[in-house]
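The following blocks contain the structures, represented as structure tokens.
Next come two complexes, and both contain chain A; in the first it sits with chain B, in the second with chain C.
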Partner chain A sequence: MKWISVFNSRRTWAWPYLLFLVLFVVLPLLLIVVYAFTDPQGQPTLRNFVQFFHTQEAVNTFIYSLAIALITTMICLLLGYPAAYIMATAELKTPAVMAMLFILPMWINFLLRTLATVELFNMFSIPLGGGALLYGMCYDFLPFMIYPIYNTLQKMDTSLIEAAHDLGANRREVFTKVILPLSKPGIYSGIIMVFMPTVSTFAISELLTHNKITLFGSLIQRAFGEGGIMMWNYGAALSLIMLVIIAVTSFFGDKEESSSQTII
Partner chain B sequence: MNNNTYMTATQKESQRRQRDLLVRRICSQAYLWLLLLFLYAPIVLIIVFSFTKSKVLGNWTGFTFQLYENLFTGYDRVAQVRVDPNLYYSLYYTMLVALVSATCATLLGTLAAIGIYNMRQKSRRAILFMNSIPMINPDILTGISLFLLFVFLGISRGLATVIIAHIVFCTPYVVLSVMPRLSKMNPNIYEAALDLGATPFQALRKVMMPELWPGMISGFILSITLSIDDFGVTYFTKGSNGLETLSTFIYADARKGGLTPELRPLFSLVFLTILVLLVVMNIRAARQAKKH
Partner chain C sequence: MAKSENLSNAPQTTEAGVPIIEVKHVSKQFDDGKFALNDVSLTVQKGEFVTILGPSGCGKTTLLRCIAGFQVATEGDILLNGEDVTDMPPHKRPVNTVFQKYALFPHLNVFDNVAFGLKLKKIDDKTIEKRVKQALKTVGMTDYEFRDVNSLSGGQQQRVAIARAIINQPEVLLLDEPLAALDLKMRKDMQMELRDMHKLLGITFIYVTHDQEEALTLSDRVVVMNEGRIQQIGTPTDIYNEPVNCFVADFIGESNILSGTMIRDRRVAFCDQEFDCVDTGFGENAPVDVVIRPEDIYIWKSERKHTDDVPDQSDYDPDDRVPKGNFTKWYGIVESCIFKGVHYEMLVKTDNDYEFMVQDYHEFAPGTHVGMLVKPEDIQILHKEHYLYNYFEGEVLKNGMVRFIDADWEVRPDQLEPFAAGDRVRVQVPFSEVDLQDYEDEGTLSGEVHFILYKGNHYHLTIRTDEGYDLFVHTEDVWDHGDRVGIRIAPESITLSKLDVENAQS
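And then the complex of A and B:
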């Protein structure tokens, strides 16, 4: 009878998932840390990080990847915000259909979309390289910027805008002092949804530049793929560096998002 | 006289305003369509070139349904060669992995959501934090961490590890889509069912499930799409004994140089199916919104 009473308390229903999370989420992440600070023989060492910071090429790749991710995020924001704004505010005949058209590409496998852009470049014989990479990244992730911003703008209380107008604000003031602050949560989640995948991508750069440009993600992938067992510890160290970037970004986003929510 | 000039001034003002509004409207519409052109040009390109049978895209060799025929028969009648059988294997494994992992994730996630909902604030926050890790983590990190786990535990990678990995990144979304349904539900009906003599399992199936159903369905559908779309996690957990999903097949294919032409009609059909599904869903949602 005892096990039934255990089952009666519904708290216990999460135990299987808790076990699952510990085994397949927490333990694997700990393994990254362990591998990063050990050598292939299992001895603790800092060699993997030393190797990274002393390889000029690897450090350059790291900085280049960060820059590409930041630029992509900026371009997506500059292109995406007006689109989301127009869709949410202008009197379109069919705003829902418009929004759907912008979201639809998210449902298509990103590799196929990337390859389609490669073919587009080939067709007009535009050389593949840094420019193609930026174009492809923006193309792949623009919907992820538009969607959250559109969502926030749509939920915005329009009477606030009218109130600002009535109180004598001009169009620019209404935008910078009312609409922009209100759309902050959407902007932050858009930035995170674009920055996180672009900073960690490894397949897109290969396909869009024919392996001419290596991004940080590809560096990690190579350490685990072609590098063989001796490179795993180095790869784990690189993964840990990326993990730190992701953690910092999401922490920053979380904080900003919650603070802007409390303002509202 | 004075009145008259006043009238024309306001008229002029309103005329100017209307013209401004019109210009602004045309500009914003044009901007949206330009962006859509940017987003859809490659997709349209693939669809157009699914109706010609040239090996490379961009080389139009006349209108034909040849590639569609090849895709469905698995055999190129003209060139007398088989279509790469790996395409069909990968399609089969994509479906299998998506269905199995989405089903497991939905069951696991629903149970978890009920449990988490009834937890105390502190432990609830802890488990929800763990739950958010796979959603925040980029696929490459999820993939590599699981790769290291399987190596560490000495599990050889294959179909089972891919399915486990997909359950890992699908379940958090199920949990988050079921939780809101729980807070809308009357918390006492489960206890009422128990008091009236139902076993916990009966109470779950007959009382709670009907309430949670919509959340479970949306979690399941989200899991399916996430699973089908995944590349990074699958890449690191599939091992090297030839298991491919559609994503990894496309990747390997592209690295070899040149896509299998039959992917073009496959892509077009998938795209049109999704388009139709979304349009139908949107129309239904709009109709329901009108009703209420």
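And then the complex of A and C:
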């Protein structure tokens, strides 16, 4: 009797997942923190951070990565919002098909897509570099911007738009005073979903710039991959800095989203 | 620009006879070819409280949306204060709407919701604040300015929605089933408040509802709609006491509707008996429909039958409630009795198998033998819209069949004799001979039960075929609105005659 109740209890079923989370999320995070604040001998130190802030190249890479991520996010927003808006509001016969076509590339692994982009640039003899990087990032992450915005716009109660018209708002005012504020949750999820992966990516930049441009993600990867065990502490410190950046952005997003739960 | 004082110092008397909204022959056809509105004309006077009433899908909301400007009429004109606004976008019309589901802006608090219209007009903040406070006071929501609209109850949200509309001092306030989402008690309270608000503001109200009680309670005039057409326009008392057709009689309140014959002026026969009535001008021996409200029937205990000639001593009327006089009475047995709060509602089956619904303050238990009478002035006579036969226009085919209502039908050879293939004929099918099948593929045609009227001892159904033709059917079987049926007509039930132009229309 007792055994069955233990077996049936949902709490019992949560244990394996809890174990998983501890082993593969909490423990690695703790390891990063421990490594970031110690030297290779295991002595506590802030040297890793000092080293980062004193290496001009590293700081430049960090700023450059942030800038690329921000620009990518901006371009995706500028391209994605109108696309989502048109799909959600225009009286298209097949809005669902159109939405699916935008999502379709996501079914293909992004490395393959990036390789295809490289081939495309080669075919037209366009040199790879910063421009190619931006193009590739936008191409890869645009769907992540469109989908959440499309989702919020599509669920919007059309009577709100009618109410605004009824109260004297013209089309522009309806957009700025009702539609745009109400699609904020979608915009925030879109920003987070594009910004987070672009700020930490390294594979795309390596492929699309022939390793000419180093992003912050590549820096971390190199610290662990090429630097040998002596560089692990430095790499951990860099990872921690990136984690903080991502945490800050998602915190802003969460605050806005908690008022109206809309996430894909 | 009108001053905010108008909100409280509105004229108590309405300027009667000044039309503010004129709807002229407006039709609205949707892409699929169906008419949501079919040649609707309506004039609303300044300061009136007009209710548009009808079952769902009757076009009432479409009419309101055409007046608001959310939908554009396919044909006809809408005039506001004499100005043609048919194609004017909603934000330019001096009307405001209260939506069924409130449609409050969730990203704004109560104050900003109410101030929305004024802020668009670039009015200074002080005036806005003053007028928002006044509007909230009018709807009884003072001190709620800075609340989140999502934290309000349904009733409070609707009040805010009303405040948001009236603050713009519209000439006409359109209300689209504003109370439909509220519970009964709250709805009753809000009805009274809406009435008071209408008096206070002096604005014209156009109110859409499917709730006939609400319509009768609130309005100066009621517009009854069905199938995109206006059935009747009148005061609540007119609509209730003098319905113009069976649809209105059936839709407004409870009613007993029976087929009858107008023998001569002031004398009508139904339920196998003759009754005095007050109606005239129907002609002699004219087929009519008779409407009797269940509360107009007097009921008492009695062991008699309608065929008994001599007065019966068993008539029991201790309270002396039943009017004395030379009234035609009829008799039956109570089949069911339900307590409705104030009155009892009884179903009585007469000794000649008609069913009547009767409402009385006294309880008559099932099985009780009762007598019934109705005063002549409470018998409402209606012209019969359709009588005994369906008429169609058809064509004789080469194979000996007749084609009408988009199907080929077998007929008796002797009916075909006078005609040759290709002749146009008039087809006659009695209501009672249309055979309805449970499974649509069992019929020559399939269709849907579109309208049901209980006529005391049989049902009068309107069946709409998939091709859009209406067939009238008399049956004792019980069908539900929207049931899919197969339609069969036996060859011997079809009568053909020569088609002449006059008959072709009927």
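Just so we're on the same page, the second predicted complex is superposed on the first by the 249 of 264 C-alpha atoms of A that agree within 3 Å, B and C clash if a C-alpha of one lies under 4 Å from a C-alpha of the other, contacts with A are read in each partner's own complex, and residues count from 1 in each chain.
Assume contacts are C-beta pairs under 8 Å (C-beta built on N, C-alpha and C of every residue); 3 or more make two chains touch, one makes a residue touch a chain.
In this text the structure is predicted, and so the values were computed from the model without any measurement.
Room for both chain B and chain C is found when the two structures are superposed via chain A, with no clash between them.
Comparing chain C and chain B on the residues of chain A they touch gives the larger count to B.
Once chain A of one complex is fitted onto chain A of the other, the partner contacts of A:162 are limited to chain C, with no touch recorded for chain B. Legend: residue contacts after superposition of the two complexes on their common chain; A:248 is shown touching neither chain B nor chain C.
Note on the composite model: angle chain B-chain A-chain C, taken at the C-alpha centres, equals 70°, rounded to the nearest 10. Once the two complexes are laid over each other on the shared chain, residue contacts for A:173 go to chain C alone; chain B is not touched.
After the two structures are overlaid on chain A, the closest C-alpha atoms of chain B and chain C sit 7 Å apart.
Shared interface residues of chain A, touching chain B in one complex and chain C in the other, do not exist.
Residue ranges on chain A touching chain B, taken from their complex, read 4, 7-18, 20-22, 24-29, 31-32, 35, 79, 82-83, 86-87, 90, 92, 96-98, 100-102, 104-105, 107-113, 115-120, 122-123, 139, 142-143, 196-197, 199-203, 206-207, 217, 220-221, 224, 232, 235-236, 239, 242-243, 246, 250. Every residue of chain C that touches chain A in the complex is listed here, in rising order: 68-70, 89-91, 95-97, 99-101, 103-107, 116-117, 120-121, 164-165, 168. Contacts from chain B toward chain A in the complex involve residues 25, 28-29, 31-32, 35-36, 38-43, 45-46, 56-58, 108-109, 111-112, 114-119, 127, 130-131, 133-134, 136-141, 144-149, 151-152, 164-165, 167-168, 171, 175, 190, 194, 200, 225, 228-229, 231-232, 235-236, 246-247, 250-251, 254-255, 259, 263, 267, 270-271, 274-275, 278-279, 282, 285-286.
Across the complex, chain A meets chain C through its residues 157, 159-160, 162-170, 173, 177-178, 181-182, 184, 260.
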